[in-house]
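Shared chain: subunit A. Partners: subunit B in the first complex, subunit C in the second.
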Partner chain A sequence: MALPKRIIKETERLVAEPVPGISAVPHEDNLRYFDVRIHGPASSPYEGGIFKLELFLPEDYPMTPPKIRFLTKIYHPNIDKLGRICLDVLKSNWSPALQIRTILLSIQALLGAPNPDDPLANDVAQHWKENVTAAIETAKEWTHKYATDTAT
Partner chain B sequence: MDSEDEFMSGASSGDDFANIEDSDDDFDNEDQDLGFSQDKDIVRTSKKSYEVDFEVLGPSQIQLQQDVQIKDVADVLGQPPEAAAILLRHLRWNREKLFDRYMENQASLLDEVGLEEDASHTPSTKKIPDFECEICMSGDSDVETYALKCGHRYCVDCYTQYLASKIRDDGEAARIQCPTSGCKRIVDSKSLTFLVEDNLKSRYRELINRTYVDDMENLKWCPAPECIYAISCSVRKKDLAKIVPTVTCECKHPFCFGCAHEDHQPCPCSLIKKWIQKCEDDSETAHWISANTKECPKCQSTIEKNGGCNHMTCRKCKHEFCWMCMGLWSEHGTSWYNCNRFEEKSGNDARDAQAKSRQSLERYLHYYNRYANHDQSNRLEKDNFAKTEKKMTLLQNQSGMSWIEVQFLETAAKTLQECRQTLKWTYAFAFYLARNNDTIMFEDNQKDLELATENLSEMFEQPVEQLSAKKLDILNKNTYCSQRRVTLLSDTAELLKRGKWTFNISLD
Partner chain C sequence: MDRISIEIVRRRTTAGDTPTQLDEELHWRHMIGNLGNKLGHSRVLYGGFLLSAYTMAELGELRYDSELSFKSLSTSGDHFEVQDRTLLARIKETIQNEMECQVCWGLMLDPLTTTCGHSFCRRCVARLLDHANSCPLCRKQLSIRPGATEEPSNQRLRALLESLIPDAVLARAEVVEIEESTTSDRGRVPLFVCGLSYPETPTFLHVFEPRYRLMIRRAMSGDRKFGMVAYNGRGEVQGDLGITQFMQCGTLLHIESMQLLPDGRSVIQTKGVSRFRILDHEMLDAYYVGKTERIDDIPIAAEEALEAAEISRFTTQASDPGSPNRLLSAMSTAELMQLCADFIERMKGASASWLASNFLQAYGDMPNDPAVFPYWFASVLPISEAEKYRLLPTTSVRERLKITAGWVRKVQGMSLGGMAPSANDDDSDHNEENDSQEMPDVTESTDRANLPTNGPSALT
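Presenting the complex of A and B:
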């Protein structure tokens, strides 16, 4: 099936005008499947980390939101062990006028502002609520361990 | 045929279709307290005390009700019908609240639902020079585009596709918003009908109707599969401790308006909920364990003693103890099989505690077994409908009776089913009743009905060749059963209405 013009244009623009700290590259054999890298936002526990994600545009995109998942392990109350993300714009608040670019920016913002009151990973969220300092410390450790160049 | 009449009377109130006057009245009354202040009215009709007034509404009537209300509100507010519809749906068809909010701050309410200005325009598409649609990222000067009042413009194809996916995939209707992220503007029905394809319009109507019925406290969908009717009934949530509102849909499915469960006369909604939960609950297993088992004093394994003497040897840890006093067996010396510590106080207490627990379990099982028995029989008889028909044909051939003359079998089958349904729930009801005079009378009624029902069932099950001779007996018993059922339900409902029953638990 031919790729919709929207996807082609979005991809072109992602390459032509990249967002700082974010890259999304489509697979050659499947142009709906993207390798994504997001830099951890400055002054967050994820600073200095580069997080890998996979992004897939389903058949009826943009009527349904893209499917996105973290591949790099991350300690975050709204991201679970499998890398699934709890973010309103990826579910009920999705709008076809949103784009890959805007969604990735939202995810980057989520890294900068974890929301333990709407948790996906309950244990992490609880940790976050009971002892923020320790939780942030763990997040930093994980970032260093799994999301830097030294990590395998 | 008593039962027949009764069966029909429920449905007949739904027969006067398209009675707008009626439905209109309903709404006018809405703000008044419709609870039991209307008791007089209920009594006035020749209805039995356990029956409630209700009306069956078909899709066109549901539509009509909405249109009437929308027009009303549109007239009062001086808004076009589309705007009135959006406002009503937004405030869940609460007219009073709508007027209050509107009078209080018209601008903020209109803004909230995305209707700042008047919405009297006719939707139309537009061509914009050098347009690029944000959804498909393509476009041209000759592409038809559409925008709501918010001005967020997309090409018609994308707009249509967006609405279709909302309606078809997400089941949304009344509260679809503009495709722009964060824009709260609601897509009004005029725009929607203008944009979507015909095959989706019926789905849209259906969804709109569904939200209407869901939003109205006096309306409920018939829970039967594939049923398209809704029931209108004035019984409210707070009345449910005093009345069991059984209604019968046009599709012949009887159900409780209060909880949408099957007909559960005479047992109030809150009790059947508790009862069903109790029956499903594992707590009863625990109960059984506590009544029938003890723990090994050493390793705490649960042990059921199912025979033999009091000398217990735990399978797991080989600990030897006395079942009576739970003490070490070695301390029993030679007084085997006759624990001499049995009379001690501690032993007595343990025994009392166990007896009590056993008694409460047995009480539960008493009611549960009877409840389950009727449930089972009822289910079997429901499957037997075809069998009854076959029996009727057979009887016709054998005895030379006419089709009309063998109808008594079908009537009996129906009565049996009704009686069993009622009996089933009387046991759940009785389980929660405190012991007093009313309860004894209730149980007498129950016993009487049960006996008669079993008799009728027995007659009914007889071989076909004996049935023609028994016709009169069956007819008599049938009438008796129906009457006893009515008596039991009426008496129970009467006391319930007056709050006279004493339950051994709280009713909420």
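Presenting the complex of A and C:
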């Protein structure tokens, strides 16, 4: 099946004008499936880490949002053990005027501003609320352990 | 529009030469009744016709409905023409970018402007409404009826596009036409994965899933046909297709009537046209489209030859018309039909619930045409879907009547007043929850069509 014009254009623009700190590359055999890498934002516990995600554009995209999850383990109150992300624009606040680029930017922003009041990973959120310093320390450790070149 | 003024202002700085004499010719309406000011404005401006006309309008000296005459005062020749041409090209390019629909990222096709002031293709608005009732740009509530057929187009935008970049508009319309065309005469049939339907028989559908709203809307604006295929609930291999979500054989339906509900759902009444087998399939905007071949009955001569050959294989004893256990293959096609017709007569006499008046109202009285009778029978008889599905790949009337006569035998073999019969012992477990007849006003509904969609987790 031919890919909708919009998906082709989005992919072209992602390549032509990449977002700093973000890359999204479609699979050769499935152009709706992207390998995504997001650099942890500066002065966040995720700084220095490169996080892998998978992104899939469903058949009725952009009427329905892309499906996306973290593949790299991450310690974050809004991201659960399975890598699922709690982000309103990926669910009820999705709009067809949004795009892959804006969604990835939102995820990058979420790394810079964890929100323990709207948690997906309850135990992490709890930790975040009770002892921010310790939680951030754990997030840094995980970043070093799972999201850097030395990580295996 | 802002982009256009930016483009023009940028041009103005380098266009101090090419003086042009401009004379406004007022519309006659302004010339009568306003005697004090019946002359149009006249000016000498710079930068070619387009730029100078724009400047004049900007100065408030060019009425919307005035004509304008130009005369180049350039001493250096026809430089202004080059200027006009480059400016026009830039404006066209700007418009093409500006007029991109924020939903499909293509040039706006038949632009429609919402009350919140945002414009999209009409077809994109219709698709938006299938999913939500808010503007994708500002999230304000949209007050547009489902399908977006009644809203007027934005005539200004439309005129602008069609006069400035007619080629691009045409090209876009053609691409969309190709993308969306699934007319059944080209063998590409949009597929509604739901239940069983049969030729010459009505099917009633409640359409509420966004993808099927879109599919039915497209069918309605085309030949009003789509294919109905049942769920492959048991995950059986479907010929060369492998294990598909749907059964390989289905029925082409024609939409007889459609009732659009205010919230975008609809109730449609369809009638079966012909049967088909799916050879290949793909996705189009979240619904399946199948490459199909028609399944037809063999010609009458071949049908008669088949009947004669089959009957002749049996001894007179096996085909004794008096025996109740007579082999079905030994019976003539007319006798098979008679066996079924007699059964229906008896069941009516016994007031069988599946022959209640509401079913007969929906499906009509028993048809006497032996080619059609099995489809009617399958529509009213409460037996398993797997059993009914056997009718779809048949290529002769005889083959179908043997199947239905088999059902009769099975029902007769059961104790009176028993539970819903199944014609095949192996198939007695029902694979679909709605094997039992629902009320005919909504016999099918797409709610069974909600299967998990492919997500990343499904791919890994």
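In this section, the second predicted complex is superposed on the first by the 152 of 152 C-alpha atoms of A that agree within 3 Å, B and C clash if a C-alpha of one lies under 4 Å from a C-alpha of the other, contacts with A are read in each partner's own complex, and residues count from 1 in each chain.
Rule of thumb we're sticking to: a residue touches a chain if its C-beta (ideal position, glycine included) is under 8 Å from a C-beta of that chain, and two chains touch if they have at least 3 such contacts.
Just so we're clear, the structure is a prediction, and the values are computed from it rather than from any experiment.
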| item | value |
| --- | --- |
| Subunit C versus subunit B on the shared subunit A, clash or fit after superposition | clash |
| Which of subunit B and subunit C A:89 touches, first, second, both or neither | first |
| Touching partner for A:97 - first (subunit B), second (subunit C), both, neither | both |
| Touched partner set for A:54, first subunit B, second subunit C, both or neither | second |
| Touched partner set for A:4, first subunit B, second subunit C, both or neither | both |
| Which superposed partner A:77 touches (first subunit B, second subunit C, both, neither) | neither |
| Partner chain(s) touched by A:62 [first = subunit B, second = subunit C, both, neither] | both |
| Chain touching more of subunit A, residue-wise (subunit B, subunit C) | C |
| Subunit B/subunit C common contact set on subunit A | 4-6, 9-10, 60, 62-64, 95-98 |
| Residues of subunit A defined as touching subunit B within the complex | 4-6, 9-10, 60, 62-64, 89, 93, 95-98, 102 |
| Residue numbers on subunit C that touch subunit A, as the complex places them | 102-106, 124, 127-128, 130-131, 134, 136-137, 139, 175, 179, 210-211, 282-286, 453-457, 459-460 |
| Interface residues, subunit B side, partner subunit A - complex | 134-138, 152, 154, 158, 161-162, 165, 169, 179-182 |
| Residues of subunit A that touch subunit C when the two form their complex | 1-2, 4-6, 9-10, 30, 33, 54-56, 58-60, 62-64, 67-69, 95-98 |
